[in-house]
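When the chains are written out, they are named A, B, C and D in that same order, and each has its own residue count from 1.
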Amino acid sequence: MQTFALLGAGFIGRVHAENLAAQPHIRFARIFDVDPARAGELAALHGAEPAAEADEVFADPDIDAVLIASSTNTHADLLKRAAAAGKAVFCEKPIDLSLEVARDAAAAVRAAGIPVMMDFNRRYDAAYAAVHDAVQAGEVGQVELVSMTTRGPSLPPIDYLKVSGGQMRDQTVHFFDLLRWITGLEPVEVYVAGAAMVDPAVAEVGDVDTSVAVLRLANGAIVQIDSQRRIGYGYDERIEVNGSVRMVEAARHRTGFVNHYGPGELRTNGLDVGWFERIRGTYRKSLDAFVDALEHDSRVPAPLEDGLRAQIIAEAATESLHTHRPVAIPEGL
Amino acid sequence: MQTFALLGAGFIGRVHAENLAAQPHIRFARIFDVDPARAGELAALHGAEPAAEADEVFADPDIDAVLIASSTNTHADLLKRAAAAGKAVFCEKPIDLSLEVARDAAAAVRAAGIPVMMDFNRRYDAAYAAVHDAVQAGEVGQVELVSMTTRGPSLPPIDYLKVSGGQMRDQTVHFFDLLRWITGLEPVEVYVAGAAMVDPAVAEVGDVDTSVAVLRLANGAIVQIDSQRRIGYGYDERIEVNGSVRMVEAARHRTGFVNHYGPGELRTNGLDVGWFERIRGTYRKSLDAFVDALEHDSRVPAPLEDGLRAQIIAEAATESLHTHRPVAIPEGL
Amino acid sequence: MQTFALLGAGFIGRVHAENLAAQPHIRFARIFDVDPARAGELAALHGAEPAAEADEVFADPDIDAVLIASSTNTHADLLKRAAAAGKAVFCEKPIDLSLEVARDAAAAVRAAGIPVMMDFNRRYDAAYAAVHDAVQAGEVGQVELVSMTTRGPSLPPIDYLKVSGGQMRDQTVHFFDLLRWITGLEPVEVYVAGAAMVDPAVAEVGDVDTSVAVLRLANGAIVQIDSQRRIGYGYDERIEVNGSVRMVEAARHRTGFVNHYGPGELRTNGLDVGWFERIRGTYRKSLDAFVDALEHDSRVPAPLEDGLRAQIIAEAATESLHTHRPVAIPEGL
Amino acid sequence: MQTFALLGAGFIGRVHAENLAAQPHIRFARIFDVDPARAGELAALHGAEPAAEADEVFADPDIDAVLIASSTNTHADLLKRAAAAGKAVFCEKPIDLSLEVARDAAAAVRAAGIPVMMDFNRRYDAAYAAVHDAVQAGEVGQVELVSMTTRGPSLPPIDYLKVSGGQMRDQTVHFFDLLRWITGLEPVEVYVAGAAMVDPAVAEVGDVDTSVAVLRLANGAIVQIDSQRRIGYGYDERIEVNGSVRMVEAARHRTGFVNHYGPGELRTNGLDVGWFERIRGTYRKSLDAFVDALEHDSRVPAPLEDGLRAQIIAEAATESLHTHRPVAIPEGL
């Protein structure tokens, strides 16, 4: 039985805390947050001990693994300290907004040989997993066209957008990972057309809120990913993989099956309100997979390298957005 | 190439006229209607000759087959005259509202040995045919429960209801035929609960506008058929056959796939406006099957006997509605 | 904050235990089961105390409310003991298989004036609640036809069927309650046609596995409820309320939106595997409603009287099944 | 009543001939085809006169309008001859594969002042028309993202591809028109990524079979159009318009509603076999609109200028495909 500590007690930290507490194969021992009150409160709720400093956690020989759920700009540093301390890590994405910083952390991780799994939790969505399995089983034949949609209900605050790294690094990046995972193919080139349709302030901070990314995969297949920050009808994600033999899609996720029939019209359930409603269940399954890998001493399913690859693609996509030209995606890490 | 005459130039007669004119394997020669002007007009439209009397048609040696589309109370007489004249008959349902009269006509038809096909055109609906084929191919296993829905958008005029024979004989009867055809099983007992929910005048003429018929099939399976004269959401038919292995259904027929997504809601296409919009295409296919049988001298797909059986079931259902008791359905004709 | 005890630590007891432990507004104090080991184990899991006897619970002045989740034949007795002890009760359905025994327990409850809520948890299914709300808001107009489906994936053991009270009392009864709740109308007559299609042993114990119940509501509307013990395609429940203005339905609950498109064909997610997968979330919400009523000292949403009414309908339905005649449903309790 | 002649008696000519013959407000007088036998046969079928030369048609003072359905390379010349003869024209798309030749024909048409309608028949698809109407009525708010799909079941012969003008001019062009028509906005820039995934011979003739075009509209909105020549699951077209308020889509057109439910799975109707099955009904409605405009002397709904605009966009898209860069779309004609 592995003993875990949680780093970060904000919104997503609290989600992880609940899952850590409910996970039957681990012991959930400690919680650190920059705000000690927040750490203390969450620790009390789940019967864990608060830590006054992150180093308490790293120095504690009982702790086998840490779950990094603190703010993005702390991830790389915590990864390096975990590497130094020889702790396994389950890490919220991304590694860092700066690819250089991320690479530096990755190097430390590799040198230390600790297992690090990125929390690419959408891989554990039942629908996306079904698409992955169908594609990997050869059901669609050769992949020829992939279509992905990621659309949220409302524009994040402009202050957030300023430090988010931009739509590609902040929003589309999750689908860059899904693309690699589902197809098993590396994208080699990307072109992005984007616009600030919702609020001119988005453009003023150098970002877009509406975009389409077009990628080429190593086998020549074409990919389209549309990303929107604010749509008028809820939260919308979908993935479609179209191959030489057939097509498989994770279609829009409607919230139910209540039908109101009137003259010439059917009204029925629409989409989820937001991203959390759509994918909340996936955090638990993602954590379970990490615990399972630790227990069986097997390779974690979404290693740090996958995090780096997704960021490398996002980097090229961001460059295309700004240069207005297709950009080659470098191989390797 | 068979030569056809049409008897009846009302609404459904005009539908048949168009199909007769377009049928590539026959010659559409004559039209009779009690209203000579109506016959003349329709004949002119399709390049056929009007007949002043029905007997002109029966006496014409060039006529091989007649299509009876006149008012219900003339069907039995015309069938007998066609039998006497040795003409093949494609006959709108029912044979007659009186089972006795229908039996008498059937006897004449049998004695003469003419081919008579009832226009059970719903058998040629693509969805119902698919259900029939799946059931007959054994896909559902042993039939255990059948659910049928027949619901129209508006109450017919009370003057029509007075002479319609009642909901079982006028509306539900089409599904009694579909039931026998799809399952290949005879119903042995029927119970009907009905009500006049739309207009008290319906009850005053001894009829109902809303009913559920429950039947037992020869193999023990249970059947439910709900019939409504007036629903608030268009025209609704569905059939579901549930067997020991799986279930097959012809679900509601929505008119399209235009989706309007708003917050928490999807608005999309509803059902057809009326029965004609739903099944108009089936008249042509039903006629084609008759022509094909004549051409190949093979058994017609829905012989007069099927018309009698459907009426016998409707008769028992009507008795149950009035006696408020389950009623055994007699075997045979 | 109310203090709860759980009576019964079997399958459904364990479901309730988890919900009691997670309910933020109560204290979950004690667990009793006829099998002390089972009680002890479940108590340990949730930080509650096991009770050696049910009377320990009733005698404990700290206990405000008990949740009865023991075997059906103990419900009535426990209700009476709770009444005597002045404890509020959240009670699994049914009160008792014998209507007389149930009435006796109800009398004791009424005399004591304790709040008792039946766990008619399907009322807390989001889809059924939406249908209820639409009907109660007048969206469908006058109710004219109600269609309900309750179908399970596999035949229960014959030994269970022997003591189950029969399909009406054991399976259809939940929909008798939903019918009253959704429409706000009392059924006044019922006719049931049933058959043992799955296994002759079902008939040997005097039961059926496939049935259709037809009811008349107080306003004249017709209701059809089909019940099946074993279908070949999973677990299937649906409810449709068809009124003078429009129709609302809780349609089949498909488990997802993964589409596999091949030539002429779409394969997609089917139905839930079983009842628990379909309605597991409703137990929590049902309990929440009870706790809320206790906290606010308001009327419980599904009082014992609703349990009695559902059983009275099931009793008449069972009589109809055996006498093969429509049976009047007595008014009152 | 206008008198029509048909130019071209190939596959699409025969479709138009049937519609011309059935159109109640016109007289269908003559048919010309380069193959006199083909013209004669089709003329005989519909009671029209064959013409030995196209000039017979243009010289015939009885002819008010011609329908150009001959091979693409003859359209421009026939348009100019119709302009010279003062005949109204209903013209199959495109005007010509060469934009220059098309412009030259358009100039002649403008000079002569004859009404010319391009047969952009997809505008008459009920689903696309519903999307158009919703967008034009402001239902979606400001257009922000448009997604279009055009995918066919099989690769055309390579010999056809050689002279087709390439995927943008031959396939995607129909959606360039729909895009302008539905949104009422002009695209100002286009980027296309394409690949020959199906057959290397496609690349050898300088074409692609799989592509994504990304466009910017005048208001800044982004558009993605994916085009495939050969998919494994039938024929697939869809259009989605996503605005500031809500989203409207013409979703995949499934061919029916027959559901086969098995354990965990639903099999149901897939998509149309090919383009003709999908849009056959639109040719008739498109012609009706032309006839209606002629009768009421009103502006034709899809004037030649719309044909030119669609080609200008296709031209820029083709340039982008080959230069691998976004290309500005010139304004005007």
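What we mean here is this: a residue touches a chain if its C-beta (ideal position, glycine included) is under 8 Å from a C-beta of that chain, and two chains touch if they have at least 3 such contacts.
As the structure is a prediction and not an experimental result, all values here were calculated from the model.
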{"item": "Proportion of interface numbers common to subunit B and subunit C (over half same, under half different)", "value": "same"}
{"item": "Remotest chain, subunit D as reference, centres from CA atoms", "value": "C"}
{"item": "Averaged-CA centre spacing for the pair subunit C and subunit A, given as whole angstrom", "value": "41"}
{"item": "Distance between the centres, which are taken as Cα means, of subunit C and subunit B, whole angstrom", "value": "42"}
{"item": "Centre-to-centre distance between subunit D and subunit C (centres being mean Cα positions), rounded to whole Å", "value": "58"}
{"item": "Set of subunit B residues in contact with two or more other chains", "value": "232-233, 245-247, 254, 261-263"}
{"item": "Subunit D contact footprint on subunit C (complex, rising order)", "value": "232-234, 236, 254-255, 261-271, 273"}
{"item": "Subunit B contact footprint on subunit C (complex, rising order)", "value": "140-142, 144-145, 147, 151, 189, 191, 193-198, 210-212, 214, 216, 220-224, 226, 228, 231-233, 236, 242-247, 324-326"}
{"item": "Touching residues on subunit A, where the partner in the complex is subunit C", "value": "126-127, 130-131, 134, 139, 245-254, 256-263"}
